[in-house]
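A, B, C and D label the chains in the order they appear, each numbered from 1.
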Amino acid sequence: MCRWLTYAGRPIYLDSLIFEPENSLIAQSLHARKTSVTTNGDGFGIGWYGGRQVPGIYRDILPAWNDPNLKSLAHQVEACLFFAHVRASTGTSTSRANCHPFGLGRWLFMHNGQIGGYDRLRRRLEALLPDELYRHRHGTTDSELFFLLLFVHGLEEDPPAAIRKTIRVVEAAMAETGATDPFRMTAALSDGIRIYAVRHSTDDKPPTMFWGGPTTALTVVSEPLDGHLGHWAEVEPERLLFASAGVTPKVEALL
Amino acid sequence: MCRWLTYAGRPIYLDSLIFEPENSLIAQSLHARKTSVTTNGDGFGIGWYGGRQVPGIYRDILPAWNDPNLKSLAHQVEACLFFAHVRASTGTSTSRANCHPFGLGRWLFMHNGQIGGYDRLRRRLEALLPDELYRHRHGTTDSELFFLLLFVHGLEEDPPAAIRKTIRVVEAAMAETGATDPFRMTAALSDGIRIYAVRHSTDDKPPTMFWGGPTTALTVVSEPLDGHLGHWAEVEPERLLFASAGVTPKVEALL
Amino acid sequence: MCRWLTYAGRPIYLDSLIFEPENSLIAQSLHARKTSVTTNGDGFGIGWYGGRQVPGIYRDILPAWNDPNLKSLAHQVEACLFFAHVRASTGTSTSRANCHPFGLGRWLFMHNGQIGGYDRLRRRLEALLPDELYRHRHGTTDSELFFLLLFVHGLEEDPPAAIRKTIRVVEAAMAETGATDPFRMTAALSDGIRIYAVRHSTDDKPPTMFWGGPTTALTVVSEPLDGHLGHWAEVEPERLLFASAGVTPKVEALL
Amino acid sequence: MCRWLTYAGRPIYLDSLIFEPENSLIAQSLHARKTSVTTNGDGFGIGWYGGRQVPGIYRDILPAWNDPNLKSLAHQVEACLFFAHVRASTGTSTSRANCHPFGLGRWLFMHNGQIGGYDRLRRRLEALLPDELYRHRHGTTDSELFFLLLFVHGLEEDPPAAIRKTIRVVEAAMAETGATDPFRMTAALSDGIRIYAVRHSTDDKPPTMFWGGPTTALTVVSEPLDGHLGHWAEVEPERLLFASAGVTPKVEALL
């Protein structure tokens, strides 16, 4: 289980959310609270939207708590919308290409969870990618594969529909291969303007997801950044959250 | 273009071939002579057969000339048969999973060269792997894919036939997709007892390959380890070399 | 706080102690039990005595639980005497030169703990090293410095005396600079034949140390490798343990 | 021998100088022209001045040509003044703490060259650092040590005087220890406003240094970024160059 956060609001330096809060993402990388896998030391990543056509991405395979580059970058980089992720591998190897967030064009994606029975599903799902997307398959994770499948299912035209359709396709493939492990995900997706976040599971244990934060700016997180629970609203299971800077997020049924 | 060597003979410490010769593999990683890509700094690897069921493998993404672990290991590890490889990427990313040698069961494989038009061939060739082999697809290189395809084509039963068949299958796929870049390879394969080495190209520029060495033990290399050319016999293009410790290698037509 | 183990006995493959036990060193790297710092993800190392003049050393800055090279090496390397260490930094940076064990000539050393007030002591203690030792100061840790100081205080002639003298010198320097944080250490030292292990603290919280293990071979560890406490004898604080293969270790007062 | 560049001018994205020119720093990391050590694969770094009190620094031990993080960062980060460096080690180990640029407070420093006889000089020179500076000695290079010595010799008050004094102190120490290898350096130093660059050697082979560039903005480099030599003015040996954005650099005798 990984931990992540995404932010949309007035420009802030990344370290003000990644390093400074009481239960910051860095603190969570050492001691996550709301998960059974408490150490998230299998790499990390940040993605942010700046002045270029594509977002910046910095990922490495060290534990996040240890990386002086991350510390310096998070101190320097200011953004209105960014992603941050610390990884606990569910089996695939620790390489930069397997670290979140994943980027393609304007899009960023990050994920906490797993596709049950992925080992036997992988080829079947990869076969759905056309060659021009398969070229962007740099790693081996289920998360990157889910991201690329979103493009197959209309991400550029209708992101919520693409999310729903991809979940259905994954679950159909799971059913066909007789996968018994659950499909669990909290995931965040952005085009640099809007954030789409989803909480889903095929069993009754979806990973946690919250939105809110100590300021009026929007933060969506896999677990709260501080103990002031009044700041945080839990997103119910099987919900899709739409968010952008300055407005209250809209939460609707996922499927 | 990468550089590699393989050795079969009485037990020797790996550093006696990897570090000590005048034009050692480490020297070649900085300044290869017989290739246009002279710097091989995109990772390295060694594989060796010891007392266990599977060979040992040590790979990293640093330049080989820089790695104190490699230096210490090559000084400690003694083996009768081993592989060593320094990598210059032909496009895929620098991760440990993309470094040579690749291992599966008793087998080791390493490669210098490229499959022309790999970007468009990759999916087509990966589709030939059954699920139980695809689970061992850890990286994204053409080299690892060629290795896994050998198993599809009967590696366990008849290694030379598997090599020949896999080359034909790759070239048929190249023809079908209209690949115009050449397929070039010098490659070495071993089960811990015998070494199979091949020199092949679809154009007239196959990478170099030599066998021999300063001792009676057998060394096969992508370029000689010293300037005493009398020690080294060039393997002609389109040849397959069978070697094992203590006997003169047998060289025959590849296709 | 780090975790470590050292073994002396009949030749065994390293993975039989590093990976296989219930509370193996790798398990401890994720969830150490007998310490407040439970994650030891700031690098790791192994050192072993083989057939060469100097021991082999393999160290890296990844978390140990994640490193396929460590897994392969520990599976291949067989030794009669070896060290293994997982690191949780007490402040100095994560680089290979700061990972344990440290080696110089035939000697290996590893440490769990800290020298209180090290920041202000460092120069004073480094000034005690003659130039020919200072050349071997590759990193910045208090642990490596303690190791090098052992040579100043007669390590080659009388290891227990060198340990005692170095502890006294460190504590004298702490007193002179008014250090208030404690000096705590469990440490192991070997020349390839004998193991010297020490448990010490200037306050009443010395890190734990045990010897024993499930076999007649000797293992000294910072915490037991399994829950069968009958296998393990705790070393009392302020004790020095002398051990070698095949004999019961001798434990005596440290100071 | 390393390669470096520094820029002062209107805000530009870093990749426009690091990646895009014909003989860009990245190209130089693979094939430097004006030096006998042509491969600079032992790490790299960038430093830039943004909106915070201290500059951002990103350094890693991979070859620069291989690092997707560097590519993404250099594409995103826009700065009026920045440093970039690719490293070829002159003996000290490859760790992030040994990569340039070095930073302390507002200052950045990078260096190409070496202090002759450094092994024997190191302690003598380190002894000149007061404890509060020694705390910032994170690595083991002669370059970082030179940088820290600048603070001892009045960097905050008079940078050119500090450079001159530090050179004299280093050379006095060389003379005292009978160092026979030369002291060679081209180095750049900045407080975020001005750039100080120096070309110096105790023999007649100072590393090259040029200023100019294809635009009116100022670039100082260890070798030209393109073949249009009209763009580039070579800085004579034993010169100190003062530069800031928008004005022609002033060049004066160094000693």
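Quick note on the criterion: a residue touches a chain if its C-beta (ideal position, glycine included) is under 8 Å from a C-beta of that chain, and two chains touch if they have at least 3 such contacts.
As the structure is a computational prediction, the values presented were derived from the model and not from experiment.
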item	value
C-D against A-D, pair bridged by the larger set of C-beta contacts	A-D
CA centroid of subunit A to CA centroid of subunit D, Å	39
Per-residue overlap in subunit B, given as positions that touch at least 2 other chains	68, 93, 96
Arrangement of touching chains [line / ring / star / complete / other]	complete
In the complex with subunit D, residue positions of subunit C that touch it	93, 95-97, 119-120, 122-123, 126-127, 129, 131, 134-135, 137-140
Complex contact set, residues of subunit C against subunit A	30-31, 38-39, 41-42, 61-63, 65-66, 68, 89, 93-94
In the complex, subunit B residues that touch subunit C	13, 48, 50-52, 54, 56-60, 68-69, 72-73, 75-78, 96
